[in-house]
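Each structure below appears as structure tokens.
The same subunit A turns up in both complexes below, where it pairs with subunit B and then with subunit C.
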Partner chain A sequence: MANTDKQVNELIKREYEHGFVTEIEAETFEPGLNEDIIGRLSAIKKEPQFMLDWRLKAYRRWLEMDEPNWAHVGYPKIDYNAISYYSAPKRKEDMPQSLDDVDPELLKTYEKLGIPLHEREKLAGVAVDAVFDSVSVATTFKEPLAKAGVIFCSISEAIQDYPELVQKYLGSVVPAGDNFFAGLNSAVFSDGTFVYVPKGVRCPMELSTYFRINAANTGQFERTLIIADEGSYVSYLEGCTAPMRDENQLHAAVVELVALDDAQIKYSTVQNWYPGDENGKGGIFNFVTKRGACIGKNSKISWTQVETGSAVTWKYPSCVLRGENSVGEFYSVALTNNYQQADTGTKMVHLGKNTSSTIISKGISAGRSSNAYRGLVKFGPGAEGARNFTQCDSLLIGDQCAAHTFPYIESKNKGAIVEHEATTSKVSDEQMFLCRQRGIDPEQAVSMIVNGFCKEVFKELPMEFAVEAGKLLEVSLEGSVG
Partner chain B sequence: MLSIRNLHAAVDGKEILKGIDLEIKPGEVHAIMGPNGSGKSTLSAVLAGNEAYEVTEGEVLLDGENLLDKETEERARDGIFLAFQYPVEIPGVSNLQFLRTAVNAMRVHRGLEELSAVDFMKLAKETTKQVDLDPAFLKRGVNEGFSGGEKKRNEILQALLLEPRLAILDETDSGLDIDALKVVADGVNALRSPERAVLMVTHYQRLLNHIVPDYVHVLAGGKIVKSGGRELALELEERGYGWLGIKDSDEVEAG
Partner chain C sequence: MMKAAPTLSSAFLEAAGSKLPAPLQALREQRGKALADMPLPTRKTENWKYSSRYLKLTDELAASLPAGRNCGPGLAVDGYHIVIHNGVLVPEASDFPDVDGIEIRSFVDLDDETAQQLADRLDNTLDNNAVQMARLNTARFEDGLYIRLRQDAVLDRPLFVIFEADAEAAGSVYPRIYVDAGANSQMTLVEEYISTGDQTALVDAVTEFSLADGANVTNVRLSLEGENIHHIGATGARLLGHARLDSHCVGFGGPLRRHDLQVRLEAPGANCRLNGVAVTQDKQHFDNHTTVEHVAPHCDSEETYRNIAADESHAIFNGRIHIHKDAQKSNANMSNKNLLLSTGAEIDTKPELEIYADDVKCAHGATVGQLDETALFYLVSRGIDRREANTLLSMAFINELIEQIPVEAVRETVQARLNRFIEQAFEGA
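Entry: the complex of A and B
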């Protein structure tokens, strides 16, 4: 019905609310990428030799790699020499010793984003690592975490303070040669978060990182490494925003998770990078490699993501299920609007016996956007008794958007069990008419229908994130009904 | 309360209603009967504001105000309620959340305070009993996996909660067994009050045994061809539509 489309078009028009720029003195490298730049980056971070060697090796490998072009997205060619690979707020000292040393402008930025870094204004007991452009600016609750034996710090600190852990696990899940963007990240990653939860420890609070891209013409290449030792548990959240700029900006992160015997990692993302304007100008290119390795028996890694931002998203949080009885989960809501493009999904690689995985993907397309689910479920020869359940649902709002599903299944084991369900539906005129006939505003009706569609995923999010995610969907959809 | 004057309406360019005149006063119950394809469902949809239908001529006044100028949700808040013939599912949205959102939208419009989740739960639970639904239905998705009869009872549940001024029942009796029909009829009878009117659209007379109308109108070819009292329905049951010179065609109704 033409009218729903009109309503949809109006709801789609909505301003991005995190689009401000922070005026801050920054030290920024001139654009360009070469071995000298990598050397300077490593030096500025006072990295040990092994790290520099690792970066250079990754860089040389990357030079020989091709940018992937199989994803269902289109974007102009990126000039990797036009990007600055390091931008950091200038600080009086090398590292802020406490929050008092952090530039008040920065603190204000995070407050504006709704993330108070002052521990006295603690965010419902969530410890936060704030990454601003290329560096981690503050990590809260370090002490109570240290008491529990949990290491939660920036990856730059970890490289200096826990080199043996870093050396052992960095690149163990996502090797530098894994793919083009992971290779680039390995060469030039500037900061990120490091978490180590020791044996038998249940991390006493949610850990979270907020990523903020501020500077123009810089890329953000963060690296996150989370290690859950035997019998431990950790829940980690990440949130992302960026200013509104007309130029596209590159975000190429790598996240590696390692779960040893009986360990559990729950990783939740609410991604709200600037998506570009309503004509598709500007926005973040979000090319991210996220992978978890269930090395130990009975280990479990669970990815939950709510993706509403970015101009182009290329992201497949995956699980390698090596340990016997290990479990991988992927719960995803990806919403695209205007001219956004998303090619996202997961890989579940079953190597161990009796491993199991669950994939629940909810794609919502509005405007002229394109939303693709791409998933691979693979069973190795040793994956006796392994099983997977996949459910991919697409919801279309309006008639100018597209949804695609690309499920791949590879099995080298006859005993493996795969179940796959997929649906595509529209916010129908009948549903809208029912809601409106009961006196409900069209905006509220769409938001209610979309939230209902995502319910299975939202219930996997930690409470405070679930509320945020619901609101974020509402905001992202505003204007898509009149 | 409701005045329909020379109402013409079309869907996909095809005229279905060809000049309807009808006056409904508070407290009255009107039944619209007619063969398939006569425009019964179109009339209900047009009154409720379904945008798939285009009004090409005529006017409809609710309490003297032009109803056709108003958006669907405004009409609903002014008290027009449509019980759907085929209620649609909204997966994942609980009936409770849906009903509370609707009831509170009405309350805000009427200048009343919104009901809290707890207060609404109490009210909703009591009302489910009235239509013989298990309160567990409140937690399920809107119409999700409901049987035909459950969907119809859910419609009446909504009418009872939303307290409309004019309840339009579109073939609410279709697909109901006799027990379910009685439950639905009891619900509708509970709605009857001196301030409230009911417009029933039905193909069969049997519903009218349970909800006794004040007026019966026969719709054919997009026009009301005969009006009368309760006895008209009985006569139709006995003699069919043929004696009025109407063919009871089997063609699928456009509405």
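Entry: the complex of A and C
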């Protein structure tokens, strides 16, 4: 058994491969946060007055809010005035018209990251909006998308070009006063992605955003807004990386999804922010608010996430099921290693009749990490015939790690049914023995067992992502077994 | 703007009665001082999230209920019994066991040396940060029961302790029991909380168990008080090697019913079974919080709680299993099932796992729902009328746990009460 432990330990050790820094000229604000900074940010983005007002209102509200401390994580106090709230790669005055206009250094970065940004990689068939530090640098496949009527652009562009849509939906799912980090994001978000899928349109390809924090001492505050109009369908992927730095960096994003009647949104994330080194130094603080509103009848929002990065994660992709027969889904694999801490889960708020939700959460903790599932399933008085099924399983690798489950269930409707199950186990000696006996080396054995444990979630991911996720898991586990 | 958190009224800090031996008196004073300006739980206090709005510690409840002697109708008992009226022991209504190695004394009768030993141990089974209200008990108790079982002592029949709150006037009462069970000793303790009178009163009860190696204790806790009684109770237990605690908590709702059960398994082989039932109707409220701490390796815990909420009532369950860092080979199971009989009612449940060891088997499950339509159909299609079918299935839902209570008199009392509850719940259905 000691032997297995050692082998597993070795498996978990492998370094972060996206840890390079790209030397490109950047325009960065001096650290600090006040109304003046927000004004400058808004001015640079040439935002209409309503946006500036919205930001300032959010900022004033945020000043009165307290940082949440209920999550099962510990981290040094963040000095919000030591962060720079805007960092943009320097470039020509105008937005790049094609990829040729994009800084070649930047393209190299993305190549290193392996994102199919370049059009020549059309085969991948993924339309990418890449957000580098604070601004969106390039969006691919604009034309075919435009032909289908799909709007896929940076949120800054959307604020200019589609102010009525932005004004109607921005903050409708996650209001500025929702929580501390959402408030901060509302005040200072610098860019992000905007998607609008019109009535009856099935988006012809997967949409994707790649986030990267490059500059030091900056925070990344992106904002994503996806609106699926009646009867439409969209699948959206999100990936993230950051360079290796000794200081912690803050990432406080807000994602809002709106699904109208019969619309369907599938949102997949592979989160691979820099998790800090093996002694727990550095890494990203990932404090993210993601929420989808199923406003329309028969609408569906599905969250799939693979979380392997970040020093501290605080993230609860949620669904508000307002429309009759609407469906919410949450599939999650969260892996923590070394000194990583994750407090992640979901909220399913059932308000409409016959709404249903499924939660499958797989937590894997290794090293000295701590991994918590925190979930809320709530049935309002109007949620007649609503259903929820929740399963959250934890896998522990090594005796120094911790796994927790905090599920909240609140029901106010007698016709609603909720079932919750949770188990905790380890990679058993028997499983390892079986694999080893068949000539599989321990590293592969652990990875096989872990992959099997996560299969239910991986099968929900789009193909390219499923492969990446499997690989990522292998990498993240390296050297952890013990 | 934020309002300042409300604090405990100083009226609650004036303990009455001075019959206690000096060491206990000193402990009480010290705890009382520490409670000055104690912030009261609010909606933001995690473990009072759903109950803080029912907690009304008004000044009129601060005064101790006067000790009287007019006991209400006794309950069916089948064993030894001790009656505690408004926190004070009534010897003439009691039937003490006379068994070798078993000593049961009221706090006021203790000699200074024993009182000192007891004072050193009171509260040490409870996590006082989690059970704020138990601290108030230690600052206010006027008497209590100290039960000591020497090594190998066996109490042959169950001991019933009947706590009667006589609410002729508004006020509060602070019942207290400390059980010190020696190695391989055995006993069954039945706590019954009842009330007379119709004024608003607060019962703040604390029971503690310390189980030495191989001790085996069964604890039955019945909460049967009236609609005018606010009840806040805490039970703490620490178990050494191969000790066993078998706990059965049965409660009927009230304006505020709260019970915290905390069990620590401190040496290999310690194990516990925790069963709980809470039923609520009208606008009643019941909140059960349990914590099982697996401190040592090779311990087992098994927990099953069931709730039924009817009308506009509110039932809460919060179960926490905490596996400490070196508690390998722990086995912990928790199940919580809830029946919601009406849409005006609310059930909140949170089965938590907190695990710091890898070689463990832990599972929990929770469900909330209504009676199974297919089971109802089965019965109705066989000529049983719908109401009868509802009653049968609801009874069955709870009875699984009631039948495990090892004291027949208790089962009968509880079943009669439950029958009445379920009849009322389905009235007109």
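In this section, the second predicted complex is superposed on the first by the 477 of 482 C-alpha atoms of A that agree within 3 Å, B and C clash if a C-alpha of one lies under 4 Å from a C-alpha of the other, contacts with A are read in each partner's own complex, and residues count from 1 in each chain.
We take it that contacts are C-beta pairs under 8 Å (C-beta built on N, C-alpha and C of every residue); 3 or more make two chains touch, one makes a residue touch a chain.
No experiment lies behind these values; they were computed from the predicted model shown.
In the superposition on chain A, A:Asn451 contacts subunit B only, with no contact to subunit C.
Applying the stated contact rule after C-alpha superposition, one finds that A:Ala422 touches subunit C and leaves subunit B untouched.
In the superposed pair of complexes, A:Lys281 makes contact with neither subunit B nor subunit C. In the superposition on chain A, A:Lys199 makes contact with neither subunit B nor subunit C. Once the two structures are superposed, subunit B and subunit C can be ranked by residues of subunit A touched, with C on top.
In the superposed model, A:Tyr408 lies in contact with subunit C only, and not with subunit B.
In the superposition on chain A, no contact is made by A:Arg61 with either subunit B or subunit C.
Across the interface of their complex, subunit A is touched by residues 48-52, 71-73, 76-77, 81-82, 84, 87-88, 90-94, 97-98, 101-102, 105-106, 109, 141-142, 158, 162 of subunit B.
For subunit C in complex with subunit A, the touching residues are 1, 46, 325, 328, 338, 340-370.
Every residue of subunit A that touches subunit B in the complex is listed here, in rising order: 1, 3, 428-431, 433-442, 444, 448-449, 451-456. By the touch rule above, subunit A contacts subunit C in their complex via residues 64, 70, 379, 381, 384, 394, 396-399, 401-426.
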